[in-house]
Amino acid sequence: MNELTESFDIVSVGSALTNAAPPATPKNVPHRGGDVNPSADALKQQFGDAILRASVGWGETTVFVVRERAGEIIRWLHDDPSQQYDYLADVTAVEYRETEVPIEVVWHLRSLPYRRFLRIKTELPKDAPLEVDSVWGIYRSADWLERECYDMFGIKFIGHPDLRRLLMWEQYKEGYPLRKDFPLRGRFSRSEQLRQALAANPESRYSMEELTVAEAFSEIPEDMRRRLASGERTGE
Amino acid sequence: MGLTARPDSALRRVEYDPQSQDGWVTTRLDFLVNWGRANSLWPMPFGTACCAIEFMATAAADFDLARFGMERMSFSPRQSDVLICAGRVPFKLAPIIRRIWQQMAQPKWSIAMGACASTGNMFDNYAVVQGIDTIIPVDVYVPGCPPRPEGLLYGIQMLQKKVMSERMSDRVLRDEMEPDPATQLYIPPPAIDEISEPFGNSINQTRSTP
Amino acid sequence: MATKTRTIEVELSTSGLDRSGKPQRVPLVTNDGGTAIAFEEPLALEPALDGEHMLINLGPQHPATHGVLRLVLELDGETVVRCIPHIGYLHCGFEKTGEYRQYNQIIPWTDREDYLNAPGNNVAMALGAERLFGIEITERCKVLRVIACELSRIMSHLVWLGTTSIDIGAYTPFLWSFHQRELIYQLLEAWTGARLTTSLTRVGGLMADIPDGWTDNARSFLGGFNKVLDDVEKLLTNNGIWVGRTVGLGVMSPEEAINWGLSGSMVRASGVSYDVRKDFPYLDYETYDFEVPVGVNGDVYDRYLVRVEEMRQSVRIVQQALDRLPDGPINVDDARVILPSKTKATSGMESMIHHFKQVMEGPRPPVGEAYVAVESPRGEKGYYMVSDGTAKPVRWRIRPPSFINLSAIPKMVEGHLLSDVIAINASIDVVLGEIDR
């Protein structure tokens, strides 16, 4: 029988709100205009020029930020007592069909104490390396979300301890599937895809002890070798 | 459309010597062996997605699989007879299903349950194998997305009929498939490409513009 | 496993072994700078065995992983020191394909993604698309969608109950749950024609209205369902084996649960009362009278209690919805998204043009983006769609609750036994279709 831990106190949503109306289903949400999330103004006051623009669409506030300070801004949103965005709902990226439009990285943040939703976006031009700060140090939920973003778009999250492919296998050669220049059925022919898939050794992902054996070690990809060499660990 | 010429390795040659007819004893023995095999097929449920839920529903009380002798789901391939691939198989899972198939001992059969296992279904994209018959030999295809339990039971009964029609004198029937050691494919690549091509209206499904 | 000592000429700072040749105990998860190592010192009673850690590969083909999940476990005897999950074995390119399909064409895909919550996923997708289009659906459609969502929640929790019981060793609840599922399947089949993959909604409405007599059948199902839940609770809730195998396992504190992004029953069992239906409501959920169960221990047993109680509350919601079901149309009266009736389309010019545009090109929303989250049985399920004015979205993103719930498994499993890994994995209620998409 396992030891029973002490019971936790119940944390309720909206605990920081005083005299707020109970939440209701949004009706007749306007396309543009509508109530702005107060965090947009707070961000403008706090960070000034790092906030490029804010807009409201379909009831959701979107704030565009400068790429280099995205991590700092999100950390402020998490730590500041008037914001308390403690819940990271999603990290994803959007690539538009027009080639000159930059890729956007999107963070969906929720503040449970204030019952708010905020979308932070930053733009990554395609002619520069696709890199942005990781929020793994702030939210653990970013662990797999950022790995998936890397797998699908090739965006590197600086500061993520273990940025490897998550959904495709590690030696996947066809590219980054969700990019718009990646065709729906893949780049290679079906038989070639099957051949590569069957060649991928399903058990090439074992721990350090196994990898000291020479045969297994030579099969792991370069970035994984570097990661193992630096000794970083996370829930893979 | 369709396969024009199949290479010899894909044809199953039944070796039957008309001079030496199967005697009464061998046909009775065949019947006995096949009857035992058909009515106690132990499935290896390779369930991946929605079809696995319908497979579970077929195994549950309302559509009982136990009356076919199949309630003992052997999740170890070494102890199973029929691999029921229920669900879509992405390329990452392809070596797994190949390995599971190779771990099963003869006599073994396979059922491709559902449209995804049969042909890849609506997942005509970079990630999904267009039918597990490109990886392992399939005996029965059960269409549906997901097939109703009655559909799966019909497929199982078809397999039972197939098992009953086997003969011990057929020397190549129980031969293991031999993939090409260089590519690990057991069907020639042009054949795989041909059967994986979209056809009909599906060729319009790869456009993201109107 | 024999120890091999070979020197390899590679740049590696550590081989993972310490000076005496034993594997280093590496903390799996650091907690804001502190370290969390599986155990501080060995138990006093245990003889100092000269053992090595064993690597066990669980999956991807395994009866108890609830799908094609691969867990690599590093075991010290029977205790888990480290757990490394591998996913992606069911990755089928959903999000990529979403960019190549119209908003109504992608609805059958949402069935296959979280296949235990197919009607609920259909509703979530339709709500997201309707937000993007700026459409207000009819009252009857709202109530029917609530019924569909809650029946779907009951169905999904029944599978969870059945499979978790089997994993822990109780076979009977599996048969009972699946029989109840058959009754719901009959309801759904009468409504949509399909048992599991329903494709229930369309942008602006539903695929079909409920047939005559459907509400009576639904009520008779609900009448008998609570008794079945009572029977299952009689078997499990105060059962010594069940309690012994689930209490104290996989505990997540409220702060950890929020930081790891857990949602649904996982976060509610840990004491955080976050339910999307109550906190960010949709489909007029604030007008229904129901409670949200919240656990205080954060272990597997609490998750079980929370889910069983959620099923009871879902029954309440469906009964209220059936009572208030208004008459009226199920589809919104907007010719840009809803196909006109056949008589009109074949006789009137305007209707014919609408029909042509919708079938050939598909309904086109204005430029914009929308993220709509619903409470799926697994947690906060969100669809984020970005539109550039064409009939196919630029980006179709699924926010999968069990993906994020599962990423916490290394933290939950550390220090427990191998058989507890199965129980903890079962308690997360994963659906690999949604995780891998």
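Residue numbering begins at 1 within each chain, and the chains themselves are lettered A, B and C in the order written.
The rule we apply is simple: a residue touches a chain if its C-beta (ideal position, glycine included) is under 8 Å from a C-beta of that chain, and two chains touch if they have at least 3 such contacts.
Because the structure is predicted, anything quoted here is derived from the model rather than measured.
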Centre-most chain, if every chain is reduced to its averaged C-alpha atoms: C
Label of the chain whose CA centroid is most distant from the centroid of subunit B: A
A-C or A-B - the one linked by more C-beta pairs in contact: A-C
Gap in Å, rounded to a whole number, between the CA centres of subunit C and subunit B: 30
Rounded Å distance, subunit A centre to subunit B centre (Cα mean): 40
Subunit A and subunit C, separation of their C-alpha mean positions in angstrom: 20
Per-residue overlap in subunit A, given as positions that touch at least 2 other chains: 97, 167-169, 177, 182, 184, 202
Shared-contact residues (touching 2 or more other chains) in subunit B: 92, 96, 125-127, 205-206, 208-209
Per-residue multi-chain contacts in subunit C, two or more chains: 60, 88, 91, 93, 96-97, 100, 436
Contact footprint of subunit C on subunit B as seen in their complex: 46-50, 52-54, 56-57, 60-62, 73, 75, 87-88, 90, 92-93, 96, 100, 122-123, 125-128, 145-146, 148, 205-210
In the complex, subunit A residues that touch subunit B: 97, 167-169, 174, 177, 182-187, 189-202
Subunit B-touching residues of subunit C, taken from the complex the two chains share: 60-63, 67-68, 88-93, 96-97, 99-101, 108-109, 111-112, 115-116, 159, 162-163, 174-175, 178-179, 181-182, 185, 195-197, 360-362, 390-392, 432-433, 436
Parts of subunit B lying in touch with subunit A, wherever the complex brings them together: 91-92, 94-96, 98-99, 124-127, 129-130, 134-135, 183-185, 189-190, 192-193, 196, 205-206, 208-209
Interfacial residue positions of subunit C with respect to subunit A in the complex: 4, 6, 8, 10-17, 23, 26-29, 52-53, 55, 57, 60, 72, 74, 82-88, 91, 93, 95-97, 100, 131-132, 134, 136, 244, 247-249, 251, 253-254, 256, 258-262, 270-274, 278-286, 294, 296-299, 366, 368-371, 373, 380, 382, 384, 386, 388, 394-395, 397, 399, 403-404, 406-411, 416, 420, 436-437
